[in-house]
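Both complexes shown next keep subunit A, but they swap its partner, so subunit B is in the first and subunit C is in the second.
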Partner chain A sequence: MISQKTILKHPLSVRIFHYLLILSFLPLAVTGVFLYFKPLSESAMNLTMQIHVVAGVVLTLDAIAFFLIGFNRVVLFLKRIFYFSINDIKWFAILGGYPQKILLRKKVVVPSMGKYNSGQKLFGICVLIGGTILIFTGWILWALPHLMPREAVSLLGTLHTFFAWVLTLFLLVHLFLGIYMFDDFKAMILHGKIPYDEAKEMAPLWVEKEIISISENSY
Partner chain B sequence: MNVAAKTYQKGEIPGVIAIKASACKGCDACKRHCPTGAITGSFGATHSVDVDSCLSCGQCLINCPFGAPYETSDTVDEVIARLKDRNTTVVGIIAPAVRVAIGEDFGLPAGSLVTGKLYGSMKKAGFEILDNNFAADLTIMEEGTEFIVRARHAVFGEKSEHGAEIGPLPQFTSCCPAWVRLVETKYPTLIPNLSSAKSPQQMAGTVAKTYGTKVWGKSAEKIYTVGIMPCTAKKLEASRPEFNNAYEYNKKNGRALTDKPYPDIDTVLTTRDLSRLFKKLKINLAAEKDADGGSLLADYTGAGTIFGNTGGVMEAALRTAYAVLTGEELKPLEFKPVRGLKGVKSASVKLKDTKYNKEVTVNVAVIHNIAENIKPVIDEVLSGRSPYHFIEVMNCPGGCINGGGQPIYGNGSSWLGAIRPLFAWK
Partner chain C sequence: MEKQSYQYIENPLHVTRREFITIGGIVAAFLALPAVWIKMVTSSNNNYILARTKGLYRDDEKASIRVSHANKSVARYYKEFGGEPLGHLSHELLHTKYINRTKGLS
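Presenting the complex of A and B:
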């Protein structure tokens, strides 16, 4: 029998942070690719850069606000993404069973995972480090190039481009898997909750070790 | 060549600086260093140089973090070919600011003064040496005495000895070609205010192909003059068609061997170009032994030496003017109020004109980094409200020492005192 029980996976503060992340990072990635290849007319390139800047400011404010308001969530997130075990190696050995599931329609045994699987943890680490570098370098390149030596600005420019590409390519995978795991997608975009059964299957360690039942029928 | 260029004479290099589109990130940093707004392109789009308003100063080149601007004129290989030609005497005219910067390119600490090693390396490469400091001394004599003539004309109504027209006050210095081009293209009514003295580079070229023929025992046609400058605008200056005075002089005196006019300066290498030339010839300047210049043309005074810094020309000119007017040497010799990196420096000097037995006060100003500082000074002059009698103008922040042809110092920038954020948008 399928249980109707749900688990709150993404609280409101996280969802708001994520909405703003979508609003800022998606335009940043798209405009960033345009800025890299410069295929448009002068005025269109200018508009592209302006969108890039505005989205960058939104991303910065979003990150700062979440850090201040949701500090406990940030700490939890850090703890989770930087916790590694032998299961992570095993998970990467079979890529979480996704290629088998998607391409061969075959279910393989996947090592038990916590709230985030190993791929999500890696993505989380990249977003955390790459995102911080992108925000920092972006501000210097846009507003403060005069406070840095010329070669430092050049190096920051290279770092900005490198991490932008890493995160943009990761984003494509994230978008695909995010939508593929539709319950998780709905949880992040709509109500924050995922079915208990799915959580038990996808993140058994999280459910076993961290989830506290509020009441039998609670949602 | 840019055929659409309108502000160049025939024969001039129409813009020494261009921007490589593939390297440009559209970041706008260069625009903030450009004295004339010659860089076009919106924030985010590829930028380019409008050659008609460009002064060829190279400030965008040394300050672009991504190495997108480049020089359109590169004659390093041509100079090497001339150095190998036994029939040609190649004269290297070394500007003051080159000797304190080129060491960096050979691993010496920034700011090392390497005059002896530079002479040694140049001799090894096959150059004869004409130190531009020598020519700077000539410029000082010219500019200093010209100022006295203008001042005596303005104050005592004195007429020119030769009946020539005397320029108005304030007198502007004329040794920075970027500044001269700014006046010619944007403020033509101020052309009479520019000193009529040629820059040290151009004086040196004329000397090399006239007096130098005796020093090196070669006809002017066989002398190839190379300005070695901290400055990209000097490439444009050397290409000005009117700068063939040595040819005119030699022709008038029956010493020209050909009817084909030759320029006073055949080509210009920047400090960066010269280090590239040395490297191509496998000369390690840092390891070279000190040498001397080899002729009177490499002798100079301390006044010529300070030309490369903001305030240097003014200080040197004031020493000359003081000596001519008072018959005494300025004491102390250093004129500190015009030194330092303040955008506009001004000072008043009281001196007694012994010819008229009258005390006069001379107000001087020194301006560098014209992108930031020139506008109010020019507005005052144009409206007739300028308190100054003599104004030194250098395009680059800090003077030629930070010229567009100097080694690119990755650890620094030309943003002098800029702290507030700059939010690029349009």
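Presenting the complex of A and C:
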């Protein structure tokens, strides 16, 4: 029998951070690709650059606000994405069972995972490091290039382009799997909740070690 | 206010105080690294500017003619050819116009 019990997986603060991330990073990725290939007229490229800058400012404010307001969640996120075990190697060996499930419609045994599976951990590390570098380099390239030596600005430009491509390509995978895991998609976009049974199957270690019932939470 | 229609949450004490301080400290240290780097490169950048400024002042002190109106060649140009400073001919010959060169550079 399927239980109706749910877990609050993504609190409101995380969802708001993620909404603003969608609103800023998607335009950044699209305009970034246009800025790289320059397919439009001069005036259209100028407009593209302006959109890129505005979205970059929104992303920066979103990241700083979440860092300051939700620092405990940032610490928790870091603890989770940088914790590795033998299960992560086993997970990558079968890529979490997704190719078998999607391409062959075959279910394979997947090692037990915490809140984030190994692929999500890798994505989290890329987003954290790449995102920080993109924000940092973006601001210097836009607002402060005159303060830096030419070689340093050139190096920052190369770093900005490299990490922008890494995150943009990773974003395509994230969008696909994010929507494929539809309960998780609804939790992040709508209400924050995920069915208990689903969580127990997808993230057994998380449910076992980190989840408590509300009645137990009397701190 | 979020409606509590769920029965389970994450344990808010999952991160211990020791872990919180350690991870928070590492984050702060990593964020301080770019600040140190910027300080280094901008200060060396300012060294070039300061050296250039110093050189220009030194050249200026050494120069026998330090103002344009005392330059004999300029005075001769106006007397024999250009007419007067800011005159029509001087404006045509000596003033430059803005040309967009960004396309050529990209």
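Note that the second predicted complex is superposed on the first by the 214 of 219 C-alpha atoms of A that agree within 3 Å, B and C clash if a C-alpha of one lies under 4 Å from a C-alpha of the other, contacts with A are read in each partner's own complex, and residues count from 1 in each chain.
Keep this in mind: contacts are C-beta pairs under 8 Å (C-beta built on N, C-alpha and C of every residue); 3 or more make two chains touch, one makes a residue touch a chain.
Not measured: the values here are computed from a predicted model.
Q: Using the superposition on subunit A, decide if subunit B and subunit C clash or fit.
A: clash
Q: Could you figure out whether subunit B or subunit C reaches more residues of subunit A?
A: C
Q: Applying the touch criterion given at the start, work out whether A:52 contacts subunit B, subunit C, both or neither, answering first, second, both or neither.
A: first
Q: Have a look at where A:76 lands relative to subunit B and subunit C in the superposition and call it first, second, both or neither.
A: In the superposition, A:76 contacts subunit C only.
Q: Applying the document's definition of touch, where does A:12 land relative to subunit B and subunit C: first, second, both, or neither?
A: Second partner only.
Q: On the A-aligned overlay, A:179 touches which partner chain: subunit B = first, subunit C = second, or both, or neither?
A: So A:179 meets neither subunit B nor subunit C here.
Q: Output check: A:125 vs subunit B and subunit C. Expected answer is one of first, second, both, neither. What do you get?
A: neither
Q: What is the contact status of A:149 with respect to subunit B (first) and subunit C (second): first, second, both, or neither?
A: both
Q: So which subunit B segment collides with subunit C once the two are superposed: 333-341, 351-359 or 369-377?
A: Clashes with subunit C appear only in stretch 333-341.
Q: Do any residues of subunit A touch both subunit B and subunit C, and if so, which are they?
A: Comparing the two interfaces on subunit A, one with subunit B and one with subunit C, the shared residues are 147-149.
Q: If we count contacts the way the header does, which residues on subunit C are in touch with subunit A in the complex?
A: 2, 4-15, 19-20, 23-24, 27, 31, 34, 38, 41-42, 44-45, 48
Q: Mind pulling up the subunit B residues that touch subunit A in the complex?
A: 25-27, 29, 32, 41-46, 62-63, 65-67, 408-413, 415, 418-419, 421-426
Q: Under the definition above, what is the set of subunit A residues touching subunit B in their complex?
A: 35, 38, 42-43, 45-50, 52-53, 141-151, 153-154, 157
Q: Enumerate the contact residues on subunit A facing subunit C in the complex.
A: Touching subunit C from subunit A are residues 5-9, 11-12, 71-72, 74-76, 78-79, 115, 132, 136, 140, 147-149, 152, 191-193, 196, 209-214, 217, 219.
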